[in-house]
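One chain, chain A, appears in both complexes that follow, with chain B as partner in the first and chain C in the second.
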Partner chain A sequence: MAKAEKIKILDCDDNTLMEISKNGLLSLSIAEMRRIQKYFSEIGREPTDLELEMIAQTWSEHCFHKTFKSEIKYTEVLADSIPTTVEIPSLFSLIKAATDTLNKKWCISVFRDNAGIIEFDKSNCICFKVETHNHPSALEPYGGAGTGIGGVIRDILGAGLGAKPILNTDVFCFGPLNISHQEIPEGVFHPKRIFKGVVSGVRDYGNRMGIPTANGAILFDEGYLYNVLVYCGTIGIMPKWAVEKKVKPGHLIVVIGNRTGRDGIHGATFSSASLEKDIPTSVVQIGNPIIEKKVLDALMLARDEKLYSAITDCGAGGLSSAVGELSQDCGAIVHLEKVLLKYPDLKPWEVWISESQERMVLAVPPRNFSRLKEILDSEDVEYACIGNFTSTKKIEIYDEEDLVGNLDLGWIFQKGELPVLEAYFEERKTVPIMPENIDIEEVFLHLISDNVIASKELVVRQYDHEVQAHTVIKPMLGVEGIGPSDAVVLTPLYDSYRGIVVSCGINPWYGMIDPYHMAGCCIDEAMRNIVACGGDPERVSLLDNFCWGNCNDSLELGKLTRCVKGCRDFALEYGAPFISGKDSLNNFFTEQDKTIVSIPGTLLISAISVIKDVRKTMSSDFKSVGNLIYILGETKNELGGSRLFHVLNIEGGCVPKVKPEINLSVMKKLYNAINQGLVRSCHDCSEGGLIITISEMMIGSGYGAEIDIEEIPSDIKDPVAVLFSESQGRFIVEVDESCVDRFEKLFQNLPCACIGRIIPAFHLKVFSGDNQVLSVDGEEIKQKWCGALEW
Partner chain B sequence: MMLLKKQDRSTGRFIIFLPPDIFMSAYIIEITLKKNLFDAFGNEILHSIRELGIDGIEKIYVYDVYKVYGDVDISTVRKIGRELLLDSVSQTMKVYRFDSKRKCKNPCVEVWYLPGVSDPVALTAMKGIRDLGIKNQLNINCGKRYEFIGKKLNRKTLETISTKILANTLIHQFIIKGI
Partner chain C sequence: MVKPIILRTAGTNCDLEIEWACLKAGATPSRVHVSSITSKKVNLLDYDILIIPGGFSYGDDLGAGKVLANEIMLKFGDLIEKFREKERPIIGICNGFQVLVKAKMLPFWNKQTASLVWNDSGRFEDRWVYLRVEKSISPFFRNMPDVVRFPVAHAEGKFILKDGVSLKKLEKNKQIVLRYVDPSGEISSYPYNPNGSISSIAGVCDESGLIVGMMPHPERAVLNVHKPDWLRNNAKDGYYSGFQFLKNVIEYCL
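On to the complex of A and B.
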């Protein structure tokens, strides 16, 4: 191994300190460099390159979440209100406040492990984590997305003492697929290439690991042209006794899985920077699902024999981060020469921060090591014991006999003096002008083939969503298996009907108008999707994933702050705690003329609900001719950020505002109705409005529908607004005539109306009283919806 | 041949490194779909090329290419190809001695990982080779070859196809042949 070097910083001025940070790709600020200089001045020596790298990884935005941990001075200027300025202790504290206030007993381990852990039944827990892998996927779509899903699977393997992954989720945001190649700047891939690469990467990694990928969403917008968003989630199941991990001095540090190379070096600090034209090769990681599958199998055996006391994955920051986190409360001695390498001549700091994939770090009591080795050998998993935990509260890193790193863990993990950040949000009210004489049929056919709304079967079918045989409600359903599902339902245990329902909510276009209400809409949508499939709205846990642009800009940070406030407020209103989350900031591209192009602020809400009996769940396809079609929830003139405004190129307008009290009441009643067998099919109203919802229910069944929009609970009369409004909290529900009385009684005093009937002809007919406003053949709808997205 | 050997103290295992530029013997295993079968991957590439606005290519043959080098003879390489890499129902295989100046009848682009980039398929292939009982000191690199049939293509067009569709120069190198 090459030798470690001393870096002279003690006598450096600010300019030289920043040069060291920039040239070393450390992404450390001047305040952080000064803090490092002070620490080493006090201990009377220069740092090694390894120590500087370790500090940079630990304090990186990716690992330390500086923006979410900083105090924020937030000024909000809402229309017709007096401007207010408040000091917020941190964005993270807002999110956590909702969970703490709700104090749900099913939350077993939240915001402290590699994943959020909730109770499943008396003996088992479910853990859920969603990660992002945006920068790597922009540079190498296949490898970046593959390692995104590989990384979040390892989060689940590293939650508690390890959970068995049972489901993957994926949500992608791409640039428009039809943009011409000439419009793509140098150094940026065409969205089509990114789309194919990302989907293939997630497909190949998930399928080869034998984990179903069965829930997600795909969005397209010009705002993602430079910076693709790749959200990857994994859910696992674990016994309750395996929730707690505990590292003790004397336990061995054992690294298992892949060997260490130069892959992904500076990945963590790289995430603190924007994308530019020239990127070093080393930040790219290449995944190997075969190795991770072997690691998974070996770990499950070793966990059940209780052979290790703690585990975590090697993610951003590599061994530096993994060993650092595990030894945080005790200390560790590490021998880098024992790390298994892919090739020789790596420098000690490269070994220490490499982000080579498929590696896990275990704390192993010495008496268990020989049995662990037997299991690892039997599963063909490579391993190396690289040191042991101590009680010194220091991390001491050796390369052969040389001490190449010796840092005080209390200091390195201590929250430094983070600057107070300024955030500013000003509401802008615009009055959109709707064109006159809109051709409803033309607009409808345009919308149904809009890539955001159209069928994602092309992608969904590439994923194995049946492997492990847990999937009950699948992503595509109905008589031909082409109808969309609102959520996925799984039975994690083969001998029980107890299940989980998993869904998501995302809509960046609302956030362009008001991020606060975007948060409300995303939570409402995720909850609606859960309930539409028969999930219990009173047993929902949420995950938040914020992908934002340049948060050094107070306006961007203002939008983020307003969004986080929305998350807190609406989580409290819906009684749904956040159990895990992640932020991915700095999703912006610096053009050659130094112009900064940020992504639309994007919030993904993932939701999970535990249900007692998967046999009492619901699908979205119409079931029987003659059954009545109901709408639940109010329809308002809320077209701001809607798909209709997008296709009509209209900006501004009223973004949907959720009414948690009414919406939650509707959800609870609907859950009861489904459980009582009063509902035959159910689908939530989201992008494109209720007419898209009804069309999708038709496509799933092959039956038609006849509706009268005058019956819809609404204070608007314009059929365009009624059909395409994206008001939240709404469902379309199929009810058998024999159940009508009981169904209507259940929804007394809530917005609920019968608006039509299922007809045998595969045809959509919409009336406004006696006037027909739309009549479209079902085959045309189906062709447009199914054939829009092209590979 | 010079082998770099290092023992890992914790496991007692030896790690052997074979520098790829030191060839005792080097062979290419070339595997492609039988000509009578529909090549979905080749057609997808063709579709993407047409989306770039490049016309005149009638067909693309896609080959998985494996460079096997080290202490190895052609019969062992054939065995590796036949028993490990080839699906004889749907694919055909050619094995020949590696020659960087080998002529190609039609314009071709070969895509390989850059040195130092992880090659998971090669890693799995090495495991498979050991499982076959082959103990020779050898190594393997995996790549793809795309052969273009139809209009004569110039280097600039092939470079455009390579950088826009076939290779990511951050992790791949591409070699243009047959023009």
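On to the complex of A and C.
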């Protein structure tokens, strides 16, 4: 191994300190560099390169979430009201407050482990984590996305004492696929290349791991041309006894899985900065799913024999982060020369912070080590014991005889003086003008083939969505298996019909107008998707994943703050706690002329509900000719951020605003109706409005529909607005005539109306009283919807 | 008690669901890592049925199933030969089928007459297919409807044969066990034939009928709620045809 070097910082002025930070790709601010300088002058020596790297990694935005932990002075200027300024202890405290207030008994371990853990049944827990892998996927789409999914799977393996992964979810935001090559900025890949690379990366990693990928979303917008977003989620199941981990002094530090190489060096610090042209691709990790599968197989055996007392994954920051976190409350001695390497001559700091994939770190009581070795050998998994935990509250790192790192754990993990951040949000009211004489049929056919709305079958089919044989409501359903599903339903245990329902909600276009209401809409959508499939709205847990632009800009931070406020308020209103979350900030690109291009602030809400019996779930395809079509929820003039406005190129307008009280009442009644067997099919209304919902239900069945929009509960008359409004809290429900009385009785005093009937001809007919508003052949709808997305 | 051995290795994925289905069918299955056989900790001949499940054994590097096929034949081919001589069933599903074909165990013993290659679509695809249960010499397809539905989930599932003579021989010997068809039971094109297999072949057996390989996954069609359309016909309780297949194999050994 090459030798560690001393870096001279004690006598440096601010300029030189910043040069050291910049040249070393450390992404440390001047305040942080001064703090480091002070620490080392107090202990009277210069730091080593390894120590500086470890500090930079630990304090990186990616690992330390400085923005979410900082105090914020937030000024809000809403139209028609006086500006207010409040001091917020931190964004994270807002999210956590909702969970604490709701205090749900099913929340077993939230916001502290590698994943949120909730109760499944008497003896098992479910854990759920969603991560992002945006920067790597922009630079190397296939490898970046693959290691994204590989990384979040390891989060589940490292939650508690490890859970068995049973589901992967994925949500992608790409630039428009049809953009011409001339319009692609320098240093950026064409969205098509990123799209194919990302999908292939997730496919090849997830499929090889034997984990079904069965829920997600794909969005397209010009705002993601520079910075693609790749969200990867994993759900696992674990016995209740495996929830807690405990590191004790004397336990061995055992690294298992892949060897350590130079790949992914500076991943943590690099994802805390903006993207630019000519970033070295060595920052992107290289994945090998088969190694991870071997690790998974071996870990499940070792866990059940209780051979280790704590575990965590090597993710961002590599061994530095994993060993650092595990030893936080005790201490550790590490011998870097014992780490298995892919090739010789790595520098000590490279070994320490490399983000080589498929590695887990275990705390192993010495008496168990020989049995653990037997299992690892029989599963063909490589391992190395690289040191042991101590009670010194220090991390001491040796390279052979050389002490190359010796840091006080209390100091390195202490929240430093974080500056108070300024955030500013100003609501802008716009009154968009709708063009006259809109050709409804033309707009409808345009929308149904809009890539955001159109079928994602092309992608979904490339994922194995039923390996493990748990998947009961699959992503593609109906007569021909081409109808879309709102959520996925799984039975995590063989021999039991108890299940989970998993969904998501995302809509950056609402956020461009008002991030607060975007949060409400995303939560409502995720909840709707759960309920449409028969999930229980009173047993929902949420995950928040924020991807934001340049948060050094008080306007961007203002939008983020307003969004987080929305998350808190609506989580409370819906009674759905957050159990885990992650922020990925600095999703912006610095052009050569130094212009900064931020992504649209994007919130992904993932939701999970536990249900008693999966045989009482529901699908979206129409079931029988002659059955009645109902709409639940009110349709309002809410077209701001809608797909209609996108197609018509109209900016601004009123975004949908959720009415939690009514919407939640509707959801509870619908859950009840599905449980009683009063519902034959159900689909939520989201992007594109109710007419898209009905079309999708037709495609799943091969039957047609005839509806009268005058029957729709609404205060608007314009058929265009009624058909394409994206008001939240709405469902289209199919009811058999024999169940009508019982169904309608359930929804007394709630917005609920029969609007039409299922017809045998595969045709969509829309009337407004006696006038025909729209009449389209089902085959045309199907071809446009199914064939839009191209590989 | 019938004892199936479910052989697994790095990249095996479908072993747990097969284990469960075998248990439900009254057998006492064991999931055994290939290293336990090569190290002689476990004797293959102590078991009644050999099942090679789906997955991506060794990442499908060098072609799907190829590395495991070589490992089996080179490290314990003699045991396999004895297993076969004792007329014990050998079942390969998906990656297991790829292994059996590449180990020259299917469709004719010790002859490479067939292969499983990349789907015509050029991509991995997961979809439920309609399968016609052919009149074959295999005893494992009794008490099943004429047309069943199992899912396929593979990238390299296109069954090809060396020549037309081999196809004639397979047909004459009644070695074709499953064919991809449309809902009415007729041979059809994509997506009903999901990968472009010759003569729409989804599964074959050897000349004894006891070695069977198929691309579709019966172990994912064990319960009625596994079917993608269970809500359309309201058959939510009980077992489906994938279970019947595994039960047939187990009952054959009683």
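Here is the rule we go by: the second predicted complex is superposed on the first by the 791 of 791 C-alpha atoms of A that agree within 3 Å, B and C clash if a C-alpha of one lies under 4 Å from a C-alpha of the other, contacts with A are read in each partner's own complex, and residues count from 1 in each chain.
FYI, contacts are C-beta pairs under 8 Å (C-beta built on N, C-alpha and C of every residue); 3 or more make two chains touch, one makes a residue touch a chain.
Here the structure is a predicted model, which is why all the values come from computation and not from measurement.
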(message) Per the contact definition in the header, classify A:643: touching chain B only (first), chain C only (second), both, or neither.
(response) neither
(message) Contact-wise, after the overlay, does A:495 reach chain B, chain C, both or neither (first, second, both, neither)?
(response) second
(message) Taking the superposition on A as described, I'd like to know which of chain B and chain C A:261 touches: first, second, both or neither.
(response) first
(request) May I ask you to decide whether A:133 touches chain B, chain C, both, or neither, giving the answer as first, second, both or neither? (result) neither
(request) Kindly classify A:290 by the partners it touches after superposition: chain B alone (first), chain C alone (second), both, or neither? (result) both
(request) Please work out whether A:378 is in contact with chain B alone, chain C alone, both, or neither, and reply first, second, both or neither. (result) second
(message) After the superposition on A, what does A:481 contact: first (chain B), second (chain C), both or neither?
(response) second
(message) Between chain B and chain C, whom does A:340 touch in the aligned arrangement: first, second, both, or neither?
(response) first
(request) Share the list of chain A residues that count as touching for chain B in one structure and for chain C in the other. (result) 288, 290, 380, 791
(request) Under the touch definition given earlier, write down the residues of chain A that touch chain C in their complex. (result) 203, 207-210, 288-290, 293-294, 297, 378-380, 461-469, 471-472, 474, 476-479, 481, 491, 494-495, 497, 614-615, 617-619, 621, 623, 681, 791
(request) Show which residues of chain C lie in contact with chain A when the two form their complex. (result) 8, 10-14, 16-17, 20, 33, 35-36, 54-56, 58-59, 123-128, 151, 153, 217, 219-220, 222, 225-226, 228-232, 236-237
(request) Give every residue of chain A touching chain B within the complex, in rising order. (result) 139-140, 143, 181, 190, 192-193, 261-263, 279, 281, 284-288, 290-291, 335, 337-338, 340-344, 356-357, 380, 382-386, 791
(message) Please output the residues of chain B touching chain A within their complex, sorted ascending.
(response) 4, 6, 8-11, 15, 17, 44, 48, 51-53, 114, 116-120, 123-124, 127, 164-165, 168, 170-171
